[in-house]
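Written below as structure tokens is the structure these notes are about.
Each chain carries a letter (A, B, C and D) given by its place in the written order, and its residues are counted from 1.
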């Protein structure tokens, strides 16, 4: 006997406003979840709370002033952002960067990848419900690397250290030694987080088979970075479209088999290990002496008319800068291709049908930077 | 043997009015527990900080010892905000519905051999029954706040409390079967030689997990899960109301820790016997209670949160069958009058089976490790330049 | 179960390590020599006047336009005490806007501006954001007293 | 003292029962039901049968009520308000009258002890003995019926899930 269907006695789906002020939306991100009980039926992401018109702002700045804004766009992988911006201008101007500067850039960018992934591991632990322990472990090592950045560039977060044609100023004398120290602590941090999370059954139960994407889906959504690699596509700009001195460095790309949240976590942890390897090699190959800025650069940077798209592999994926210049010292149009934004498009597909708690995990596994999404 | 002595106020023992003496005992116990909770907040923050390689509170007083007082002052002086659309009656009633049972539980707890508020024949059942009432408060708070997070949190809280109450009661029932009494006092006296954790390890494990779930602490803090429902039922409460909720949470933690210490670790009886005087007994009780609390803190720092469906299936598909099996095995042993060692054997075997199950279920499908791709052929010749 | 125990072991081990934090207002971390807190103006001990001539170079280069510079004729130049013909009259930096990019230091031709690398440059919390606009006296006070030696200067 | 306690408890039960019927807000009605059930638990204590009182709190105050409140809170409570009296009210009235008749019959048939001292304390063990020895067959049948009901509920819930 099936009970008569009465519309007034049916359970109703409940829309929930998650964000813009919510502990686990990683900034001012808002998603309107429609839940049936605990199951997510529909998701509508709302972005733009952090929109500062960064691209337009950078169009009013000359090429040196813009570097600080690149930092502020991608505030967890600042060196990657600076590198992307600087590369674009350099390619447009045809500037040759001295080798030493290139190596230092790679070292700093990879160390930055470590700090960014540490930040991910910490925040992801909190998303999964850990009481701040992973965050604390991650920040412990992250702060150590940031000390190094501070010694070199003078700031802990907004470095503004790369310049068109090289670096702003010479690194400190004990740079190599400090890098080795940082790597040692970073390795310890990776081990700690590995012990704390990777093998924990509760963590596995929370992460596995959640938000899984196949390789086709990942490509169709234009995912990049660890999100794409976790889905089984071995695509890494450092290998596939190499820039700087990456072709001279030996490292592996970790590729996942399942494409779920757990694989993304593993891929990032493994990438951290690879970054340590890259930095070690780069430190060996680093020329001890040499210029750090390209010679014969004008005091006022001017580009020839033209357009360029430069992309780097940021910790979140493909971070690209599309630059059009009509000559002069300012870009005519600047567009940033931010991995956070592109990866976020997959949120709906990944979340529907999962539990409310899994939506948080999926969002956490994307490792978005809201400033980068909104720009 | 059982004398009703008012806790911490032996001089008013002369009061022969039981209602008055019980009231006095309740007031004393409430004050002591409030102080205990203030200490617990400090201790929790310090212990968790150490496990995260931090210092913890350091500013107020030596080693931050006065921090709870500062916190209390701040919370009490904060404005209590109530949403305009909240249901006024449910909003305020929920506080009482959570607060009162938590303190009523303490009435039946024998702190030492002769320090308790009221003797009871069925004190264990009383503690479980009254302690289980708090779900009403959670539901009311969740519904009355007129907030969707609060509603979700309230629903989760009610479902969780009811689900985990059952394995908890069953695990206690196993102990009651062994002892032959549902009085905590008698259960403690039973453990003069060997604490019950030795005879009933499976019941102990079930009790431990169910307790953490009942207390809504990590990894079972789903109703208040900060990263999901942002505080759950407490989301709209502020100031003194919020602090009362927190106070209740800690009182519950003390109560269940005491219960665990009494039922499984032998309370003040094991290992020194009843005759060592109330001071040492109290100390022994405190130490055993502290073991539980430290364990809760330790677990809190180490584990991520479970998901709702995992939580439910863990209660109903894992803990409940094992608890029933424990009762069944105990029944066999007791009916056929087998030696106590058989109890240990069956229960220990069950405990091992439980651990193995938790271990294996998560790893049903062993996952392939990450592939490491060394040399990818360049898909595009160099990078684009303008 | 093994992973759970491993997590527990992890936190237990860490509990016996030395804490990495320090109790901040009591203990100040050593900050790097190159630390860029906020720009300050430097003091010329030799001539007992600021280095800054008020040339507006930094004002023009500032990406966030947080600086306001007013220049005047140097009275000491008339008496022959100083070789600077022009000198700074008024100088405001809005620390609330400054994004500490170091560009003002790079463009300065007179080594007159530097980035504060002391804790005083960081502990600048104010109740009102208008109090974050620093005038010439405030900008010069630290270098005048010899309390700061910027790690980064032009 | 005992008499006072009795009247307080009886008053609680009656007030709670009236509240259930008269209050328009269904959630408040559920709260009144809890109040009424707890009052019954108080009466059990008065009858020196602590075990029954505690079970009353545990099962009725806890498990049964949670289901009720769950159902009430998750449906469209405000719209239900207006539809409290449906087409089935004559049936309901008949059922209620029949129940009342049954209660009155039981009340007149029972030989109530007039002297309060005659009330015997029922020990915990006796209840268990009665349940599992003397009445074990009816007990098992009841549990079987409950099990069937449980399975039925699950099947209905599963159908709903499948329809979506």
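Please note the rule applied: a contact is a pair of C-beta atoms (placed from the backbone, for glycine too) under 8 Å apart; a residue touches a chain by one contact, two chains touch by 3 or more.
From a predicted model like this one, the values you see are computed outputs, not experimental measurements.
Engineer: What are the mutual neighbours of chain A and chain D in this structure?
Structural biologist: The common neighbours are B.
Engineer: Select the chain whose centre, defined as the mean of its C-alpha atoms, is least distant from the mean of all protein C-alpha atoms.
Structural biologist: Per-chain C-alpha centroids ranked by distance to the global centroid put B first.
Engineer: Counting only C-beta pairs in contact, which pair of chains has the most of them?
Structural biologist: Comparing chain pairs, contacts are most numerous for A-B.
Engineer: Just curious, how far off is chain C from chain B if you go by their C-alpha centres, in Å?
Structural biologist: Between these chains, centre-to-centre, one finds 52 Å.
Engineer: Between chain A and chain C, what is the gap in Å from one C-alpha centre to the other?
Structural biologist: Measuring from centre to centre gives 30 Å for this pair.
Engineer: Could you grab the centroid distance between chain A and chain B? Build each centroid from C-alpha atoms only and quote it in angstrom.
Structural biologist: One centre to the other, that is 40 Å.
Engineer: Mind pulling the residue numbers of chain D that touch at least two other chains?
Structural biologist: As it turns out, chain D has residues touching two or more other chains at 74.
Engineer: Would you give the residues of chain B that are in contact with at least 2 other chains, written as numbers and ranges?
Structural biologist: Where chain B meets two or more other chains at a single residue, that happens at 51-54, 151, 301-303, 358-359.
Engineer: In chain A, which residues are in touch with two or more of the other chains?
Structural biologist: Within chain A, residues 133, 137, 140, 196-197, 200-204 contact more than one other chain.
Engineer: Residues of chain C touching chain A in their complex?
Structural biologist: Chain C residues touching chain A: 1-4, 6-7, 9-11, 14, 20, 31-36, 61, 63, 99-103, 106, 115, 117, 151-152.
Engineer: Which part of chain A faces chain C closely enough to touch in the complex?
Structural biologist: Where chain A meets chain C, its residues are 61, 64-69, 72, 133, 137, 140, 143, 147, 150-155, 158, 160, 168-169, 172, 192, 195-204.
Engineer: Going by the contact rule set out above, which residues of chain B touch chain C in the complex?
Structural biologist: Within the complex, chain B touches chain C at residues 47, 49-55, 58-59, 298-299, 301-303, 355-356, 358-359.
Engineer: Give every residue of chain A touching chain B within the complex, in rising order.
Structural biologist: Within the complex, chain A touches chain B at residues 14-17, 22-24, 35, 38, 91-92, 125-133, 136-137, 140, 196-197, 200-206, 208, 232, 234-236, 239-243, 250, 252-258, 262-263, 266-267, 270, 306-311, 323, 355-358, 360.
Engineer: Name, in rising order, each residue of chain C that touches chain B in their complex.
Structural biologist: Going through chain C, the ones touching chain B are 1-2, 4, 7-8, 10-12, 14-15, 17-23, 25-26.
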